[in-house]
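We just call them A, B and C in the order they show up, numbering each chain from 1.
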Amino acid sequence: MVQKEEQVSPFLVFFLIHAIQVGVGILGFQRIVIKSGGNDSWIAVIAAAIIVSAVIFILYTLLNRHQMDIIQIQKKLFGKYIGSLFGLIWIMNWILLTVTVLSSFVEIVEVWVFSTINIYVFAFIFILLTYYCLTGGFRVVAGICVLGTIIPMYLYLTFLFPLEHTHLRNLLPIWNHSIKEMGLATRDMSLSYLGFSSLLMYYPYIKNAKSSQKWAHFGNILTCLIYLFLMVITIGYFSEKQLSHHIWATLSLWKIVELPFVERFEYIGITSWVLMILPNICLLVWAAAEGIGKVVNIKQKKVLLIILLIVYILTIFMSGRERIDMMNNVSAKLGLFLLFVYIPVLSAYSFVWNKLKEKKK
Amino acid sequence: MFRTRKKDKTSAENKKAAETIQTVFNDLSASDDFKQSFVTNRHVTFCIGFYETLTEADILHKDILHNVQKAVSIEELTALLPFEDLKISEDVTLIQDALLQGSVCIHNSISNKQFCLVKAKSAKERQVAPPEVEFSVVGPKESFVESYQTNIHLIRKRLPISNLVVKERTVGRLSKTKVGVLYIEGIANKENYNTVLQRIEDLNIDQIADSSYLTQLIQDNQHSPFPQFIDTERPDRIAAVLGEGKVAIIVDGAPHALIGPTTIFEFFSAFEDYYLNWLVASFFRLVRFFAVLFSILVTPLYVAVLTYHYELIPKDMVSTLVTSRTAIPLPPILEALILELAIELLREAGARLPTKVGQTIGIVGGIVIGTASVEAGLTSNVLLIIVALAALASFTTPVYQMGNTIRLIRFPFLLMSHYIGLIGVAISFCFLLIHLLRLSSLGRPFLEPLFPLRVFDLKDALIRLPFKYQSKRPIQAQTEDTVKFNQSEAKHKNE
Amino acid sequence: MKKIFQLFLLAVIVFLNGCMNIDTQILDEIQLSSATGYDLVDEDQYEVTVVYPVYESGGGVKNKTLTTTDNLSKEVRDKLNLKSEKPLVSGKLEVALYSRELAEKGISLILDSLTRDPSVGSNVMIGVADGSTKEILEQQYGETDNGIFLSDLIEQNMEAGVIPKTNLHLFMYGNYAEGLDPIAPIIGLSEDELTLKAIGLFDSDRLVGHVDEKDFSLLRVLMEHKSKRDSFSLEINDHEKVSISSMGTTLNYKVSNPMEMSDITIHLKIKAYIREYIDGGLKKIKKQQIEKAFEKDIKERGDALVKQFQELGIDPLGVGEEVRTRSRNWDVKKWDDLYPEISIHIVPEVNITETGVLE
């Protein structure tokens, strides 16, 4: 199957999971969650993390049972044609997520930094970066996930500056929202955790994949802590109504940072975020390309070029707040459905299927 | 050239029976420094052939001629000559090669077709001198010279163990350069040295003038600006990395040896780091890493901020920057490029000219051009400081080749910073990271221990921990024996 | 073939980069406006004044102003650009001043242009001008940029513990918050000298009242939950004057029945040292007596302040926020009805720990 040299250590799953969960979403997730969760949104952050951890658990039981990637599992369970069809849905999901990430970032750059930027060229440069990364194989993708996590870590320290203007009493009173509201908030929050479904594709690329489960959970916990940290600061820093006007609350937080040698940290934040979203794009495109490679037998490089072309065209097409919002919605719904509905069902089905097979024997 | 030689070989084989002194020496006597002389003693006449430019006259006169006058036959001569490595041969090519390596060939027409080869190579080589490129205040003051023998001698002296293996190969159809691959059996990974040997054997080139040829020829990615072998002139460094399970390559005629597999972090560690207290050494290393980042990023950041992101400048610094730029008609990118190029010119001129003139050029050029361009209003004085500091920072890299690379990769950064501002800098940085991730040295990851993340190897990467914690060999080299010394025993002794 | 393809791609990037189409904003080719002022001309016409520094080669700074009138702030910028030789940008804006008349009408519409613009920071100082902003901004204050001068004036006083913290972000926070109203310093010229005259009290975005200099530090300790270096002085009697400076204050709200008509007590603890003590004869300092005197004074003034706020129907102290965080049935409308009627007491506790180097 996968060559031993191409496999990576199990603990890298920590970075693979974390890097893909933290993307553009983190720059503006607060507004959407607070809409229904209010000052209790931080609970939604934790709740979503717990649910995601449960899904990761389900993913691992499924993958451990079959020791192959999702496309192969579906082919095995549903036969060649239906299985491949379901595989295509996953691939579509990943491509959509990529486009969401890329076009959201392009939008941020347009709004915050260069209003007249030529997005054709700008998106193209990202596509080139991705191509250069992906032709290096899965090891390079994993590498960029590690570096894309470690290098921008310093950014989290800068969120300590807004603390000066933070009213932490805003967190009180704890739990004054209804279960329904919290449910909605949790759903909205879990969107920010999406993307880890790529685990379904890179599972066979991990040495002793079974032992990597704990790292996946740790990665998820780190994401949760970072979101929690940001959410608490945001709740304290903004008043609720004020926040509803800020599309990118995280970037607005940075506006207050003033250091002796640099002011207006949001520009540095956006710049550093290039390194944060690159792992996202690379890993998702990699998963899609790998998936197509498993469905139909085409050369990996050609698949890659085709996918990048699709991503490029969609990104160009999806510009402007409304279209990006629409796309966010579609990809979020698809992602939520696949992970939180389809995967548990599939897992149950595979369990029964396996049991039946054992009985036959 | 190669063809004709091959032809000679076949013809020589054909006429093996008819070999005379003529067939052996004929080709060679075309050059005037090939001498033939006939010594006749009471019994026989010996014919002696040698290159006078390659042999030591002293040996020839005192040892060889002296004994030739006494001998009756070749057999007797071999017994008389005080040399340990005497060869008797009748193979024409072997004889010719030996002559070209500085041997003296003795033949006597009576005693069949035997040719006696005596090594009388004149050793014209530099004395072992203190290292110039990797100078260190503390520590040994020896450096490699252009002689293969001496270089290996310097290493063996430091590792007197039988496990130190030297594998010799000859590279270059014209230069016939001796290349030695050194490793310690039982420590170094077989794969590593076999890869090196394989790559050297596969070479198809006419000349190797220096070890840097070899770096470029056998490294994993030949199009990368980053060297993937460290070159060093310090025997102590070679001895240390051999002990870590790496492979060293010595090239005859080159005063630098190569080390592989290596990581990018090793390029920024001076060997002096090991001679200093670990805190001091770690501090210096961190300074060096900071210098590299500073050198690559600072001018692009200046250009990006001044061209697009004025918001980033703190309010108290605005006036300084604006005043320094008001009279300047050029956009920041041109201003920066002019200065960067000026610095490159100074460096290049300094490198090409003789040392003393070079120094003068550096100082005069630096001061005169710098001040004049500021006064003429071509560049701002703030940028002048920045560029000069960046240049200074790029010279702190201990390995010269890497220093050059760093000077080069600033330019793409600079251009991108002009095109897309800070985001351009970030994108270039991503390209650089991906490139480094893709690089490998002898098939081992180049960015280790950052990726693959090996916390254990961080002991000697960004910082250097005390020797007590350096008890294991780096994982990157995939050594066969991973333990350098037993840590607990070492502790015990201390107590 | 592969190499050629890669080279081709490289060429494409270089080429395409040429048409990246980004507007450059080279530092010396733009006009950095450092302060803006808004005056009301009539119903919905503003007069906008923009100050920008012109740096002279000798190191001096000259301030230039541009003025125009319109009804939309950004359109104003286009109009101003007609008068400027270099494009005006607002990324280094330090201060935004609003005339009193304008502030009394409400400024949230104009503030929108500041908050929506990504290039404007959150640390911009918001101020109310006593008189015409144009007049204030046209003055030359020393050798510095007017914007920096004004923001330093406010910031220095904030850091020295004279006035409560304020900036664009905090103003917007108060503007949107349900149980809190923003404040902004009122600046005015008196005999060609710029002074911080009072602290303007806003009802959401409308200026409705002000607090005078004598109550600055009191307002500050009541607004900020933890503060330092606030100074109070008091004439105990004809020949005894004391001034103290706080080393740390803490504020504690006691709300027995939130969202109901029950008393709210604000416990204010001040740990202070004596800065100055003038007495008739050199008497020994009677710490307790002084503490008592201060407590009485602070209570009187504090209760008066709160009364004033309640009468104006504003809540700069954030009493509403305190109630909100303590109750599960928060309702803005109900609170707004309750607030003017509810009785709020201040219970100060002054604790003098040091007396300076003298005793």
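The rule is short, and it goes like this: a residue touches a chain if its C-beta (ideal position, glycine included) is under 8 Å from a C-beta of that chain, and two chains touch if they have at least 3 such contacts.
What you are looking at is a predicted structure, and each value in this text was computed from that prediction instead of being measured.
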Label of the chain whose CA centroid is most distant from the centroid of chain A: B
Pair joined by the larger number of C-beta contacts - B-C, A-B: A-B
Intercentroid distance (Cα basis), chain C paired with chain A, Å: 40
Centroid spacing, where centroids are CA-atom means, of chain B and chain C in whole angstrom: 65
Cα-centroid distance, chain A relative to chain B, in whole angstrom: 46
Numbers and ranges of chain A residues touching at least 2 other chains: 113-114, 117, 122, 125, 258, 263-264
Sites on chain B at which at least two other chains make contact: 308-309, 311, 313, 315, 420-421
Chain C, residues touching no fewer than two other chains: 17, 20, 22, 91, 121
Complex contact set, residues of chain A against chain B: 8-9, 11-12, 15, 109, 113-114, 117, 122, 125-126, 129, 132-133, 136, 139-140, 142-144, 146-147, 150, 258-264, 267-268, 270-272, 274-275, 278
Chain B - residues contacting chain A, complex: 308-309, 311-315, 317, 420-423, 425-427, 429-431, 433-435, 437-438, 445, 447, 450-453
Residues of chain A defined as touching chain C within the complex: 111-118, 120-122, 124-125, 128, 165, 167, 169-173, 176, 238-242, 245, 252, 255-256, 258, 263-264, 266
Chain B residues touching chain C - in the complex, by the definition given at the top: 223, 305-311, 313, 315-316, 318-319, 321-323, 325-328, 331-332, 415-416, 419-421
Residue ranges of chain C in contact with chain B within the complex: 3, 17-18, 20, 22, 24-28, 30, 32, 34, 53, 55-57, 59, 61, 89, 91-92, 94, 119, 121, 145, 148, 151
